[in-house]
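Two complexes come next, and they have one chain in common, chain A, joined by chain B in the first and chain C in the second.
Take a look at the complex of A and B:
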């Protein structure tokens, strides 16, 4: 199976998840978007060597994934696909930053390892939470929520159209790839030159399609804003979800819960 | 007015007392690279008429439709819709009275669900939410696609996509429908359904197609374009039976009027 086809399949799986009906799926998209935003802010704002204080944040994705009935295997696999980026960012830290840091009495490691672990953990947390948001809410609902939260229309429309046409673009790429492979007589790849040309052709087709879509929008009275589907008042449950999690995140950000827990565990063992 | 016409015999154009819905005079258009697309096209279409614009690939059919919407500007010539000259000032108003169904339904269906896509136009007209919902239901019902309302467009079949694309236009309640190759890429049954659906509409219709059987089924009048010019304009049954005219314009007689030559072994 071609890489493009597999990725398209994975993408459409997330849509299938988003159509489930669980307690988490029923929470208003705005509450989930805002809670995720607070989560991201808290996780990202820790100092560079923070590892232990990040650990309590693992609870949020775990709870959402289990309440939202999302398979762990899927989540892990998606995280693995994206992990090379985080690895590339942090890989040099242990070599560059050799300052020893004591982690346990009598044990010390290079500070670079700590910042590397911190980057890795942050990557896992933020990516997992973003994936879970989409898998429990669905991109269309997220876009509507962003509109209602007064995010500039240009960004939201871009996001919405990108998501809608990702599949078409992927299928187009797949057809071009197939046409190339059928005429390359088993010689895989057929060189960077051909791939480059294909990419160029894909870009041109995409531009042409974008123009046609825009024309279709103009003809139906588009004036720069897509109106959100329907406004629904936030229920008490939505508010409890939002405020509850946000408070928990802020507490975990300000109070070293992880360290306290760590000390408690170590203290109990000693 | 008649001096600017292309000289083709046209019983519909002369002597009509009613204001034509669409009036095109001496329309000239060339692509950005200088390739001529339309070379002096003139047409008058009366209210309620159903007109097929046929021609070989590249004859200028689609260009003509797009020019009627004001998405492209002609090099020369004039377009009047309901007597109103098409120009920068009137474009928005004129677009409200026309609905264009694109050749590729995927270009027309950009919202997450079919219902939202159909609602897009009425919402842009600034209609209240309940009226928008009424129009969505009505339009989807008209094309027989009410059951698809919450489906995402990229999961629909070709025929379903086409039906929803037509609904998106019907929901705007235009009185002119412009259809670009409506039967392209449809299987025979979807094509038959489309023809029935379009037969049931009372709008003034302009159908650009090289599906001549569709033209025969759907349109009482046919305009033949060849190399950007109107080479014939008249009743469909007469025009589409004129084999030598069709051949000269790069077309072939409709399949239903051709003798069948079944493929046999040996």
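Take a look at the complex of A and C:
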């Protein structure tokens, strides 16, 4: 499968996930966007060697994925696709940072391993939450939420229009790529020269298409701004979601929950 | 896309710092964009489709000069066609989409990725193109703008990582050398490929798309 077809397929899947009707899908997009924002801030604000304090944050993506009925395989696959960068850069840490750090009585490891684990865990948490936000909310609802949260109109309109035309243009590019592949007979015709011509043609088609779409939108009454699909006040459920999770994140950021639980378990055993 | 700094990778102070650095550029770009779309509402759709084009471009497999495959970033071409301030906004939106939809890059590292790909890259392309254009060698100007914009993006990304993760022995310099070496092996051939590809696209536009080129350059003049 070509890269572009695979990416378009993935985008379509996310759209399908976002159209489900579950408890988490019914939460207002603003509440989910703000809760995600607090989550990201808390997770990235930990020091570079923090591993144990990050573990309680795993609960949030697990709960959202379960309540949103999102397939675990999809999430794992997306995370694996994105992980090589984090692994590539982080893998050097154990080699360059060999300061011994005690992890258990009588046992120590190089500090680089801790920072590597911390980077990996942070990457998994934050990427998973960003993917879950879009898969339980959908891009149009996120754009509406951003507009209501006073993000500049020009930015949100471009965001919304760009998302809308991504599929259109992607399919156009896919057709051109397929036509090239069918005519290339193996490697012939897939060189840089043909690729340049292909992209030039795609750009010209893009301009022509933009003009046609604009004319069609004018005929349908487009006045330059996209109106939000729905405008409603935050309900008690939305506020409970936002305040509940935000408070939990801030507590987990300030209090070593994992450590306390560890002490409690060891204490109970003794 | 491997040059994006992944989600959660930068320590909080650095993530916040790069967000702060990127914001003034984004605001200037947004003001410019708002003015263009107010004076020429018909360009609103074209800009969105130009952003979609950049996104699609990053998903197309193009043969590299080393024989492997890569994908173009479109930073140089975008800056030449639309100007650096509009490209900052379009680049920012494309990076946001890549972070949200494809898990490439991230929300916390969006500021850092914007500085390297949507601010420095387009500015370098714009300067180089502007400096070489008066010599009359347009193709060389296009090639140099696209290739050097690509390289500048990787140098800035390497510097961002080196600042965030200085080596225990040798500090920032040693770390920059490490990250630079990682990028140089792959990105120098890719920059040359992108430069050549941009020249081919430019030739095609000159030959078959004069009216469209005028429309695209209207955005640049207005910005």
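Here is the rule we go by: the second predicted complex is superposed on the first by the 217 of 270 C-alpha atoms of A that agree within 3 Å, B and C clash if a C-alpha of one lies under 4 Å from a C-alpha of the other, contacts with A are read in each partner's own complex, and residues count from 1 in each chain.
The criterion applied here is as follows: a residue touches a chain if its C-beta (ideal position, glycine included) is under 8 Å from a C-beta of that chain, and two chains touch if they have at least 3 such contacts.
The model shown is predicted, which means the values in this text are computed figures rather than measured ones.
Touch check for A:154: first (chain B), second (chain C), both, or neither?
Touch status of A:154: second partner only.
After the superposition on A, what does A:227 contact: first (chain B), second (chain C), both or neither?
A:227 contacts chain B only, not chain C.
For A:24, select first, second, both or neither according to whether it touches chain B, chain C, the two together, or no partner.
neither
Using the superposition on chain A described above, determine whether A:162 touches chain B (first), chain C (second), both, or neither.
A:162 contacts chain C only, not chain B.
Can A:209 be said to touch chain B (first), chain C (second), both, or neither?
A:209: touches chain B and chain C.
Touching A:40, do we find chain B (first), chain C (second), both, or neither?
The second partner, chain C, only.
Applying the document's definition of touch, where does A:219 land relative to chain B and chain C: first, second, both, or neither?
first
Between chain B and chain C, which makes contact with more of the residues in chain A?
C
Counting only touches as set out at the top, which of chain B and chain C does A:242 meet: first, second, both, neither?
neither
Of the residues on chain A, which ones does chain B touch that chain C also touches?
Residues 139, 161, 164-165, 168, 209, 213, 217, which sit in both footprints.
Quick check: in the complex, which residue numbers of chain B touch chain A?
Against chain A, chain B makes touches at 66, 69, 71, 92, 95-96, 98-100, 102, 104, 106-108, 110-113, 116, 119-121, 123-125, 129, 152-154, 168-169, 172.
Using the touch rule from the top, collect the residues of chain A that touch chain C in their complex.
Its residues touching chain C are 2-4, 7, 10-11, 14, 36, 40-41, 43-48, 78-79, 81-86, 88-90, 92-93, 96-99, 119, 122-127, 130-131, 133-134, 139, 142, 152-155, 157-159, 161-166, 168-170, 173, 177, 190-193, 195-197, 199-204, 206-211, 213-214, 217, 224.
With touch defined as at the start, can you tell me which chain A residues reach chain B in the complex?
15, 139-140, 143, 160-161, 164-165, 167-168, 209, 212-213, 215-223, 226-227, 229-230
Where on chain C is chain A touching in the complex?
Touch list, chain C to chain A: 2, 4-12, 15, 30, 33-34, 37, 41-42, 44-53, 55-57, 59-63, 65, 71-72, 89-90, 93-94, 96-97, 99-104, 106-108, 161, 165, 167-169, 178-179, 182, 193, 196-197, 199-205, 208-209, 212, 215-216.
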